[in-house]
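There are structures below to look over.
Consider the two complexes below, in which subunit A is the common component and subunit B and subunit C are the respective partners.
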Partner chain A sequence: MGLPTYIAKRALVAIALIIVVGSLNFAILHLAPGGPETVFLNPRITPAAKALILKQFGLDKPIQEQYFLYLEGMVTGKWGLSYFYSESAFTVIASRIPATLLLMVPSLILTVVIGIVMGILSVRRPYSLLDRFLSSFAFFFYSMPVFWLGFILLTVFAVFVHVLPAGGMTSITATGFGIIDYLWHLILPVTALTLINIANFSLLVRSSMIEVLDQNYIMTARGKGLSERLVFYRHALRNGLLPTVTMLGLFVGSLLTGAILTETVFSWPGLGSLTFDSISRRDYPVVLALFFIFSILTIFSNLLTDIVYGLLDPRITYD
Partner chain B sequence: MKISYLLAAFLVALTIVGTVQLAFAQQEKVFVIGTTTDIQPGDINPVKALNFYYAAIVFPELIAWDKVGKEVPGLAQSWTIAPDGLTYTFNIQPNAKWSDGQDVTADDVVFTATLESESNPAFFSYWNSLQTAKTGTITGVTIAPGAITTPDVKTVVFHLQNPSGSFFTAAGGFPIFPKHVYEGLDLTTTNLDVSKMVGSGPYVPTELVPGDRYVLSANKYYWGGTPTLDKVIFKIFRDTTSAEISLESGAVDLVMNVPGTDVKAFSNVPDIQLGVEQPQIFAYFVPNFRPTLADGSKNPTADLRVRQAIAMAMNLSSILDDAFGHGYYVLANQIFVPNMYYLGKRVWNDSIPTPAYPYDRVAAGKLLDAAGYPASSNGIRMQLTFIAPSAGRLGTVGVLRMMQLIQHALRAVGIDMNMVMMELASYRARYYMAPPKDWNVALWSQSQSPDPTNVGYNVNGASWNIGQGGWNGGGYNNPFATYLVSLGDNTTGGDARVGIYQRIAGIAYQDVVNIPLYYAIEVVAWNTKWQGIVLGLGNPSYDYWGAVKYQNLAQLTMVAQTTTTTAAETPGPDYTTLGIIAVLAVIVVGAFAYYFGRRGKKAS
Partner chain C sequence: MIDASTESRLARASKFWRNYSRNRGALFSFFFLIALIAAALLANYLFPGDVEAPDITREMLPPSFSAILGTDHLGRDQLALIIFGARTSLIVAFAAGGLLAVVGTMAGLLAGYFGGKMDGLIMRIADGFLTIPVLPLILVIVSLSRPNLFNVMFAIGLTGWPVMARVVRSDSIALMKREFIEIERVMGASSKRILFMHLLPNQLNSILVYASLSIPAVILTEAALEFLGLTPLSVSWGFMLNVSMSYWLRGTWWMSFFPGFAIFITALAFYFVSEGLKEALNPKLKRRRESLAAQVAERKK
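Moving on to the complex of A and B:
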């Protein structure tokens, strides 16, 4: 089977998977105790008013009708009106995507680059002082709660040293130099996210490279008199980085889910906080739309990972 | 070579940071309020808002309340109420204008009443004494012809069809919207762009970023005088800790709802002042009054003696001191907060003692014996399920600590408290579940509006009120109390109405309709560079009072005003510390660079 056929087959499966996942999301959300009426209908609102509000949001319809409307919305892109934002779910989500991308993309790039560099440095001298230091460094931050790290960074750099802002995406009263302002506010949250996630890549690269360096062809390369630098970077590294592609695919899938805790600590108005708030409020249109987007992203990023893996490793065929 | 490159890069970065600092220095007087109350465009949409927290700053109401809860002039300069309670006359401030320069007139009041009656399901009932049926509107009603008259452009007269004690507060405490801006717009499907909004308050919205900020700029036409600030910004935080950090760093100027557990930490921070606002939030236990539980077993809390025993088993002042800190709560003893007034008369029932139920474990044990719950061999008389939310107003560390201490206290009299904490939506669903319920006691709180009506519904046994979303979740059913609530709704005379509600408070106390715990005190922290912060009433149900009341925001000033800048962002880096960090960083990086440089030479 060639690549186009493989992609077509996977795409069909992906569509079916999205429908199944979407249906499960709908079911689980509606099975959770309490609906939106328990959140926004306070006792001050009369029963007649409550009935009107529920009717406005379509919550008076039978559950099966709501389900079919939801399925229709998945196809047509009409995801309904947010109960709390009084705007279309699409608008609410779209307004938060830039903030999340702004936070997650630099974090992802730095995580991957620094993680790979750390892994390479570790494996160049395995079990040396440097290796142990880097591994310990990675584990230290990996085991740290991100919200705690976030508060520590805020306290040190925003309160004690006064060199970085205390949260938010832009200065509260910014009047210019927009890009620099964004970058200035990005430093702490990106640092927190990067430090927490570095271990994934650095340890993966390290273990993968140790395995690759044990292969016969590496021994052959050394036997042929090639320099260690050449053996390492030209022959071993490319194969050692293959598992990183898989990890990267998983990370991309989580790109838009955002970092809920990080966004909370740094008051970053992204999709992570929106997801959490919408679930708490039972804002069904927004939650279901978010889950739909996440499903698509995860499924197709996995597909992309498989394709890229095949391109990088000629041993892999699409059967 | 490498070290010098690194050093050069660091100095360049430092220069950029310094430039950024200068760039962000402000020429305007800006007051930044840190809050965890989110805002979205619907919150300032007249027909979509479910509360008017943020709208009230832009669209002041006819009546305002002073810092002890008494009615004072707002958008209305004065008012009269006819003796029969059927005619209310409000005289609008003669110099009241909208921010586009147009006069605020009686027509704006008529427009607001009509718009809300026809289009806002959440608030249309506020005007029901003026309404008549009309098909084609969202609510099915409209203002009846002749129900509101305007003898002149600044006078509006309401002609009620029947007396309504709550009308004065409901109508007088309602934001007034501009007819010339909103008339003809379909506000049910769209929100007006903030750039097009006009208001009559001291500040009008200029920017709204959901989940991030709400920016208001000074309204030069404000009838209360030129506002002292150029801008007011509500900065939204996800949690109070982040807001407090921003206050300490200087990024925000005032933070509300500081938890009592954080007060001590703030006390040692220079340039930060703390203050408390009068309580408007009543926290209490709601007993389940139904005779049986969902599993068919007998419900102990249906027995008055059991409810009394629970109340008497708790040394509340000691528990609350431990949980919230002494001075950061007010011990509750009845259903009304201390600052509940009606037409200037206090609703508080002085005859109810404080604490409402004396702390007496022996007496509590005797009551339980008499109720038929003797202690078993292990000392346990019964197990009760207490439900509580894990988020929101009652989801704080202090409340959790309080619940743990109460658990201990009840255990001492043989009540095994099974504490179940749930996220908010699940909690409410369980609280409002159709009877028979599966819990015995629920922790609840009530943000009390300026009128006693809603508080009275705590004892109203009407079927709609006991059911989903009603006030009386415990199912207390006393026909006389229900009658009094209805009477209070229809009574307008100050003394008579206040007397009715005092009677209701007495009944609630005698029957232990709820077990009062505390009135929440709101702690506010602000930067001492500001003066004129007036603390008053804490956050009530549909208006910000006290420190962020619009009248207060209009007259804030800074203690020391510079002629050049007032930095509203971080005050600037501590260059000494920064320099030390820079030197250390250069040494570390240089050491790594030297190490790898030597390695590289050896390898080659």
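Moving on to the complex of A and C:
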């Protein structure tokens, strides 16, 4: 089986998973106390609007028909009506996506780069003082609740020493689009989100490199008289970094989770604080739609990872 | 396994303890957790009276001799609240951790023993759970059902089992190739007998280690749910942080620092205990003792 077939197969699995998530959403809706009516209907709604929504979501039809209508709605962007904004949940979510990406992308890049560099530094001399320091450093932040780290950073840098803003994405006084102002507000949330995630990569690179450096082909390379530098960076690192590609796919999920909590602490106006607000407002259509979009993001990043991994590692057989 | 059975139970226990206590961090963490469990159990005696009763004369006092960890926005002693809050965290940690271990073990055993279609089905479900973002899923389940402690435990347990299932599955497959199981099968032993008399007992050690390794994640997830305001309990570490969000701008650092520190230190203690268990149960590992860090990385792979 060649690569294109493999990609097609993985894509089919991803689509199947999205349908499963949609079905799960549907099941949760119907299993919730009070059923979909309490979920989709604002209690203060007029009878006419109620009838309209019931019809729009096909809630007057038999359940199997409702199911297909629901899946169809998921694909076409009919994700229900937010109680709070009186707009479609799809629109509400779409307007928050840029802010979340603004937080996630820099943090993702920093986490991967710092993580890999730290991993390489520790594995250059395993069990040395530097290795132990770097590993404990990564592990220390890894066991921290990100919202707590956020509070500490805020208290120190925004309350005790007034050097950085106390949350939000822009200053109230800012006019127009000031890139400096955005960066200013990004420092603390990105720092918190990055610190707790570094361990995912630094410890992985470390353990995978230790494994690779133990293999026969490395011994051969050394035996040929190649310099340690060449063996390490050209021969070992290529294979040692392969697991980080897999990690990247799995990581997007935990990055999203971290973003939900980080945004809440730093009142960052993205999907995370929307999740928090929607839960406290009992805005169920938005909560369900958020779960759906988070799932799609994770599933696609996993799909992408599988494909990239297949391209990078010629040893992979597609079966 | 074989030579262990000839020793007395007491000798085995003392040998285990010797191996375990060689790891200082694990030893210290063990005593810390014992103290925390004792304090949580005895909370009613340590802090008699209604610790949740507001006292408007003592609102948001910084740490002092009368309240070592300060007081919260309602004038309640934070130390008392944190000790009572330990109950929530520990109950959820053990219950959800236990549920996750039972579901994961059963799934892994069945997949590893029967193989074929059963294996395919179970592992695809596990893969599915691994690709769906867990916290949002738990958020949806808990916010739509009635947010109570039981639902929180159920949701965490239900979403956390796949990693456990993978570990048990691969160990089961390895065990199935061993001679003593082949002999049992030739002699016509029932599936039930092989599953519960051989596969399960031979993996109890690694099951215990992985269950304890998953507890920190359970604690952090539960704290995150409380922080997002999803449990009705006012006395829990995560919820104390949730409340502190409205006050920190006034400089009330103790309202967020101490509850968060409790979460952090408890999660860390469970990590260390799990490392100690791993070393004590697999003495062979000691020769090339991997750091705690490598252990986590390995699990992540």
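Heads up, the rule we're going with is that the second predicted complex is superposed on the first by the 264 of 319 C-alpha atoms of A that agree within 3 Å, B and C clash if a C-alpha of one lies under 4 Å from a C-alpha of the other, contacts with A are read in each partner's own complex, and residues count from 1 in each chain.
Going forward, a contact is a pair of C-beta atoms (placed from the backbone, for glycine too) under 8 Å apart; a residue touches a chain by one contact, two chains touch by 3 or more.
Not measured: the values here are computed from a predicted model.
Engineer: Touching A:Glu87, do we find subunit B (first), subunit C (second), both, or neither?
Structural biologist: A:Glu87 contacts subunit B only, not subunit C.
Engineer: Tell me which partner A:Leu102 touches in the superposition: subunit B (first), subunit C (second), both or neither.
Structural biologist: neither
Engineer: Is A:Leu154 contacted by the first partner subunit B, the second partner subunit C, both or neither?
Structural biologist: both
Engineer: Taking the superposition on A as described, I'd like to know which of subunit B and subunit C A:Ala259 touches: first, second, both or neither.
Structural biologist: A:Ala259 contacts neither subunit B nor subunit C.
Engineer: Could you say whether A:Ser280 touches subunit B, subunit C, both of them, or neither, answering first, second, both or neither?
Structural biologist: both
Engineer: Classify the contacts of A:Ile28 with the two partner chains as first (subunit B alone), second (subunit C alone), both, or neither.
Structural biologist: Touch status of A:Ile28: second partner only.
Engineer: In the overlay, answer first, second, both or neither for which of subunit B and subunit C A:Leu186 touches.
Structural biologist: neither
Engineer: Using the touch definition from the top, say if A:Val231 reaches subunit B (first), subunit C (second), both or neither.
Structural biologist: A:Val231 contacts neither subunit B nor subunit C.
Engineer: In the overlaid three-chain picture, which partner chain does A:Met169 touch, first (subunit B) or second (subunit C), both, or neither?
Structural biologist: first
Engineer: Indicate the residue numbers of subunit A shared between its subunit B interface and its subunit C interface, in ascending order.
Structural biologist: 32-33, 39, 151, 154-155, 159-160, 166, 264-265, 280, 282
Engineer: State the interface residues of subunit A toward subunit B in the complex, per the touch definition above.
Structural biologist: 32-50, 52-53, 56, 84-87, 92, 95-96, 151, 154-155, 158-169, 171-177, 180-181, 184, 227-229, 263-267, 269, 273-274, 277, 280-282
Engineer: Quick one: which bits of subunit C touch subunit A in the complex? Just the residue numbers, please.
Structural biologist: Subunit C reaches subunit A through residues 128, 130-137, 139-141, 143-146, 216, 220, 223-224, 227-230, 238, 241, 244-245, 248-249, 251, 253, 256-257, 260-261, 263-264, 267-268, 271, 290-294, 296-298, 300-301.
Engineer: Once bound in the complex, which stretches of subunit A touch subunit C?
Structural biologist: 17, 20-21, 24-25, 28-29, 31-33, 39, 127, 132, 135-136, 138-139, 142-145, 147-148, 151-152, 154-155, 159-160, 166, 199-200, 203-204, 206-208, 210, 243, 246-247, 250, 253, 256-257, 260-261, 264-265, 275-276, 279-280, 282, 284, 287-288, 290-291, 294-295, 297-299, 302
Engineer: Which of the residues in subunit B end up touching subunit A in this complex?
Structural biologist: Checking each residue of subunit B against subunit A gives 16-17, 19-20, 23-24, 26, 28, 30, 32, 38, 40-42, 45, 48, 50, 121-125, 138-139, 188, 191, 209-213, 231, 233, 235-239, 241-242, 245-246, 248-252, 391, 422-430, 432, 449, 454, 457, 464-465, 467-471, 541, 568-574, 577-578, 581, 603-604.
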